[in-house]
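Working notes for the structure below.
Note that the chains take the letters A, B, C and D in the order they are written out, and that residue 1 is the start of every chain.
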Amino acid sequence: MTTPTPLLDANQVNALLERAFPGIGDGGPKVTLVSPGRVRIVRPYGEGLLRPGGVISGPTLMSLADTAAYALVLAHVGDQLMAVTSQLAMNFLRGAKPGDLHAEAEMLRLGRRLATCDVRIWTEGPERLAAQANVTYALPG
Amino acid sequence: MTTPTPLLDANQVNALLERAFPGIGDGGPKVTLVSPGRVRIVRPYGEGLLRPGGVISGPTLMSLADTAAYALVLAHVGDQLMAVTSQLAMNFLRGAKPGDLHAEAEMLRLGRRLATCDVRIWTEGPERLAAQANVTYALPG
Amino acid sequence: MTTPTPLLDANQVNALLERAFPGIGDGGPKVTLVSPGRVRIVRPYGEGLLRPGGVISGPTLMSLADTAAYALVLAHVGDQLMAVTSQLAMNFLRGAKPGDLHAEAEMLRLGRRLATCDVRIWTEGPERLAAQANVTYALPG
Amino acid sequence: MTTPTPLLDANQVNALLERAFPGIGDGGPKVTLVSPGRVRIVRPYGEGLLRPGGVISGPTLMSLADTAAYALVLAHVGDQLMAVTSQLAMNFLRGAKPGDLHAEAEMLRLGRRLATCDVRIWTEGPERLAAQANVTYALPG
């Protein structure tokens, strides 16, 4: 069986994110659920996230995808803040209407050196994805 | 609701693939299941698919991902053989042991101009993915 | 010949960026050069761009890649602020040491509907790339 | 200075490719030039490479991109046939008219564990690219 077992719960992952990015707890993304091979994360809607056209900006979505993958990795490997993104590929599927941003990240493979994740992001609902990303993290040696 | 409804069944998609790639029916990939927003496809194992190390070669996996996405698009838009791949991004997750190749393709978004698909490929079993791909097809005008 | 001819110069592109993202002119990225099929852009180093390990954060690099591609598109198609990112794929090549961020974006193809760009980013020097990205923009109508 | 120095010349790389893929020398891709951080490769046009619409098929282009990156890696790390593709992302830029396929691969970064390459492919001429790919190879330990 290859679905990995989490080592940390949502509160523990949020505490690590706060250590990595002090202040993230104030209005930044927050892990709401950790399950085997998956995490859910929510970023509350706020000012300054929009681009021309009145939709959530691309960098906001990319940043959330990166954080969701980081949270997924931390949940499954523990206190390894030095894990770094090695690759991120995002498809922007439709304009993300203003609203709280939800992301679900799934571990495709957790290897010794690399963790590969699939991330899906929406505001309106999970059946109307705003973006999908693949994110690869390099794990410290 | 945004999960698209198929227009064709597996036999009809296989007939279109045979028209697009004459001879594909002889040992090439075959659609086994069409459901809303998804297709399953199998390519029987055969000679000449291996690379050094005794695993299935990368181009074999990429070709299967491309065909799976094409089959998914055809199943949902009908007889549009001129749909062309505009982007393919594949993560090779682990060596694919010799065996029949299975792929499941899921429609992330079917727009007027672009169809974006997620494809997962395995030989040993779906819980041990060999590769994951995102494939975007441009739809004829 | 297929290298596209710019329609706007660096000042004109910067004015458009300011219209799209009011305030970007204060410490945000600035186009320094427009030439056929290319732009150069610089983002001055500032507080808050670092991640654990003391290197520039991934989202900072992704945001710069997106802005560089947007600037490249605007330079070659003119006042089309509604162009939107449809795909961004970034390879993080080495930790980006703190410093001004430089990006060079090159047009791989400017079609009617899609513009595909290659972007390279560095702080230390162009022979030590911190990241490379491919960015696709969908052009309005 | 970070542009890597080749260890092998074109003939030596072609000999390695023949060992990895017996028979590749008969009509398959051949390295024509090795220079610091770069290789050129040509695949002669042949039957069976076309898709509906009369252009070179996507899998043919992907396979060539993968081989070009493999050749680039071998040229710079030597006899390491067990290097494996870990990621390939390809943008199909325009239909590739029938003709000999040319590829140029450039090393973006050669690390201890990963080699990241940019590959550009054309038939008509280098100023009319048919496709661009980023390919990452994992190097044996």
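Convention: contacts are C-beta pairs under 8 Å (C-beta built on N, C-alpha and C of every residue); 3 or more make two chains touch, one makes a residue touch a chain.
Values in this document were obtained by computation on a predicted structure and should not be read as measured data.
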Taking each chain's centre as the mean of its CA atoms, which one is most distant from chain D?
A
Weigh A-C against C-D on C-beta contact pairs and write down the one with more.
A-C
Between the Cα centroids of chain C and chain D the separation in whole angstrom comes to 27
What is the distance in Å between the mean C-alpha positions of chain A and chain C?
23
Residues in chain B with touches to at least two other chains are numbered 86-87, 89, 91, 136
How would one label the connectivity among the chains shown: line, ring, star, complete, or other?
complete
Chain C contacts chain A in the complex at 20-21, 51-53, 58-59, 62-63, 66, 81-82, 84-92, 95
Which positions of chain B touch chain C when the two form their complex?
86-87, 89, 113-114, 136
Complex interface listing, chain A residues touching chain B:
1-3, 89, 91, 93-94, 108-109, 111, 116, 118, 127-129, 132, 134, 136
